[in-house]
C-alpha cells in the first residue's frame, strides 16, 4: 500500500468524503461523478446516485464518459424520462445534494459554464448550463469540486450560469422554495465553505503540504482563511486503492470500445 | 398512421428547408443516421432543437444546415467542446448561428408541455441565473394561488422530430427502452415525426408500462441499422466512446472536418458509418 | 427511507386527525386495506383526495372520517351511485361533507404538479363547464407567449398518501405495474407516504423503465395481502365485479351499511375481508 | 339469424357505425364502450380505443365494468399514467373522437352529469364530470349516446358539466385550440346532429318503426326535424350476433368473478 498520492486524488477522496451514506445525490459528470462513485465504493455504500439522464439509484462499475452511458441505465434501480427526472425528482425536492463541477467560480460561489467574454461576442464558448441552474436551487444543498487556479477562481464570473449566492451574496435571501445552495467547495488544494453571514467563500482546511500562500496564488481575489484552519485528512490506502482500481477499469473500458 | 419509408424518402418528404427540427435522444439513441441524411440532402436554414447538441448537431452546424439552435448543454460529453458549434458561434463559420439557450430543466419541461399541447411550460427555474438576461424566451408567471413567481418558457412544438428507437412492429408501433430521454415528447410534440429503428419485429415483447409509441402517432418509420452510432442502442451495441474522443481531433479544424463530411456523408451511401 | 411496519402502526403513526389524505389507485390497486385501517382507527376530520372516490371513500365517508372531499368522479363504476357519498352530500349524514369538485384532467394535472413540487397545475381545461362557478379553486392564468387563457388549479400536496402496489423488495423499493394511475404522483407529492404491498420479494424483476418507486422516497411499507380487494392487483387477483354490484345494496341504506362496517371493519382483525 | 332486435341494440349498432376504421377514440364507460367495442369487432377492426385509465389501443374480449378493468390493460398496446393520458394523449390532440354518455343533454348538446337540482342543495347528486369536460373540448369531435326520454333530453340542463355549444349555442366560437364538439347524438329512437349554423340539435334520421311524434314525446323541448329525414339502417344479422355474443361473454365474466 502506498502513502503517495496526487493532488487530483486528494481532491477526489476529499470530495467523496463530503457525501454521507444514504444521501440522495444528483451527480454532475466528470469530477463529481468520480467522487460520488468513490463514496459509494468506500464509506457510503447506500448513497443514492442520480444522473440527469433519468437513471435513478445507479451503481456503475466504471465511470461514465457521458451523463447517459449504458452502464448507468443497466445498473440503475429504474430509469425515468428526462422530464420526469427534472420535474418529480429534482424540482419535487427529492435530492439532498447536488454535486457540480464548473469552469469558473467566484467568491460568492456563482458558477459560470456558459462562456468567457461577452455573451454576444464570446471569446470562448463553453457548453452551457445543462442541469446545473436548477440543481443548484432545487437540491437541499450543493457541493462543488474543481481544480484550483486563477483561471477558475475569478473575482467576478463572466456570466452567472448557476446561482451560488449572487453578485452580492444575498440572492437566495427571501426566495421561497430554494435550497441552501453551496455548502462546500473542494479543490486540489483545500476545502472552502461560505461564511454563514456574508456567504463569501472561506478556506476551512488546507490539504496536507499545501500552504495558504499557494491557495492565494491560485485564487483571483483576496481569499479569506478561517481562524481555525484545519488540515484535510489524508486519503487512506483503501480509498486510494479503490479510486485507482475504478479509474483503471474505466480507462480499459473506454479505450476498448470501438 | 406510420408509413414504412426509406430514410432518404422520409427525410425528403418531411424535413423542409427552414423547418424547426428536433432530433432527440439523451446521450442514448441519438439519431445519427437521420441527421446524416439531413446533411446529405443539404437541408438548410433549419432551426435545430436539442437538449444536448452532441456530435450530431456539431455535424449539422458545421455542414451549414442550421440557422438557429435551441439547446441547453453544448459540449462533447466527457471530452470537451463541440468545435463546429463554437466555430459557428464564435467566428460565424460556415455562417452565423443564432442561439437560444436554456437549462436542461426548462428544455425538458418545454418538451413535456409541447407533448401536452400547451403553449408554455411552467417551472421553478432560472432563479439567480443570468440566462434570462440573454434569452427573451424566458418569461415569468405569477401563481394565482400562492403569488409565487415561476419561470415560463414556450413549449417545444417542432415542425418535425426525428428520433431513433430499438424496434418497431409491423403495425409501426415503436419501443424505446433504457434511457428514454425526451423521445416520446419529441414525437408527440411535433407536427410530423420520423422514427428510425434498428429492426422491424413481429412482437415488441414489451412490459405493460413500457415506453411504446403507437404507430398512429408516428408519420414515418425507416430502418437504420446502427442508426444511433456512435451513440448507442441499449440491447444492440455500446456507445463508441473512442469515436467521441476522436471527434475532438476531427472537428477541431475546418479542413479535417470537411474531409470527414465528404468521406462519411456526402460520398457515403445512405447509412451512417 | 422506507420502514417496514404493520399496517396498524403505519396508519397510527402517519395519519393524523384533520390531515389531508390521498388514497390513490385508478380502479386498479385501490388501497382498501389501508382505508379500512383508517376507519378502524376512527380517524376523523380528514380532507380526502381521490380522483374516483369509489367504494373505499364511500366507506370512509359513511363511517364519518371525512370533513372534505376533493374528487372528479364519484360513482360506483358501471353500477351507479355511491350512496354513502350521496347521503352525506344530499342529507348531511353522518355529517355534512364539503366537496371540491374537479374534472379528471385537472385532478391528474394537480397530482402531477404536486409530484413536481409546483404550487399550481396549468391545463387547457374547464372550457364552457360550469364547474369553475362552484369551485373557487379553479382559476386562470394568461400565457405570456400567446395570450391564451388557461385553467389553473392548486397542486395536490397531501399530508399523507396511501397507495397499494404489487410488491416491494427488501430495501423497500416498490413496483407498481399495469394501470398505474396517479400512484407515483400521490407518493411523491405527499409529506408522508404509506405503501401496502401484496408481498415482499428478493428481486422486483422489473424492466428498465418500469414504474419503480425507490424506498428512500417512501416512509412506510406494510404487507397487506389482497390489500386492494375488491378492486384488483394485476398479476395477483381480479376485480370482484360482483362485490361492486353488491355494494349497491349494502350501501343504499344506513342500517345495512352500519352492519357491514361493524362486521367487516370494526369487529374484523386488521386485514380487509 | 334473427331479424328482430331491441331498441337498445338498435342504438348500440347505430352508435358503433358512427366510428370509422382507424379513428382514435377516447371511450366513456357504459353505452359508449359497448358501441366502440362493437365497432372494433365488426366494421372497424383498427379503431383505436383509449380509456382514461391509461390503456392505449386496448382490445378487451369482454366489456369492462369499470374504466380500469384488468382486461383493458392486458389487451392494450401499452398503459400510461393517468396524467400522461390526459396531458399527452387527450390535451396533446391525439384523439379523433370522444365518445360520451350523459345523464342530461339539452338542445345545444350541453351535458350534465353533476346533479339534479341546485348545486348547493342537490336533489340528486350524480357522479360528476370525470374525463368528460376535457374530452369534449380536446377531442377532434364528440359522439354522444344515451336513451331518449324527457328525463334525459331537457330544455335546459341543471348544470353544464361538459360543454356542447353553451346555453346560446355560441360557446365554442372564437375559442382557440378547441375541438368541433358534438357532431352526432345517437339514441334508441333516432340520430341527431347539431345545425351547422345555430348548433341546435336536429333529428336527421329515425330508427325503423319510430315516429317523429315518439321522438317529440321523449324530448323536453320542441325538437327540430331535418327536411330530409332519413330512416336509420337496420342492424345486420352479423352486427346483432357479434353484439349479443359480446354481451353474453361479458355477463358470464362479471357474474363469475368472486
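What to note about this one:
To keep things simple, chains are lettered A, B, C and D as they appear, and every chain counts its residues starting from 1.
In this section, contacts are C-beta pairs under 8 Å (C-beta built on N, C-alpha and C of every residue); 3 or more make two chains touch, one makes a residue touch a chain.
The structure displayed is predicted, hence computed values, not measured ones.
The fewest steps needed to get from chain A to chain D, moving only between touching chains, is 2. Each of C-D and B-D has its own count of C-beta contacts, and the greater count is at C-D.
Centres computed as Cα averages put chain A at a distance of 28 Å from chain B.
Spacing of chain B relative to chain C, judged by their CA centroids, is 39 angstrom. Shared interface positions of chain D, defined as residues touching 2 or more other chains, are 73-74, 79-80, 87, 91, 138, 177.
Annotation for chain C: residues 112, 117-118, 123-124, 148, 178, 180, 184-185, 208-211, 234 touch two or more other chains. Contact between chains, as defined at the top, is found for A-B, A-C, B-C, B-D, C-D.
Across the complex, chain C is touched by residues 29-30, 52-55, 64-70, 72-74, 79-83, 85-87, 90-91, 110, 114, 119, 122-134, 137-138, 159-163, 166, 171-172, 175-178, 253-255, 257-258 of chain D.
Looking at the complex, you find that chain A touches chain C at residues 22, 24, 48, 56-57, 73-74, 76-80, 87-88, 91-94, 138, 177. Residues 26-28, 51-52, 71-75, 77-79, 81-82, 85-86, 89-90, 101-105, 108-109, 111-112, 123-131, 134, 146, 148, 178-182, 184-185, 211, 232, 234, 238-242, 244-245 of chain B touch chain A in their complex. Listing the residues of chain B that touch chain C in their complex gives 117-120, 122-124, 139-146, 148, 150, 152, 154, 177-178, 180, 207-211, 234.
Only residues 1, 112, 115-118, 173, 184-185, 188-189, 206, 208-212, 214, 216-217 of chain C touch chain A when the two sit together in their complex.
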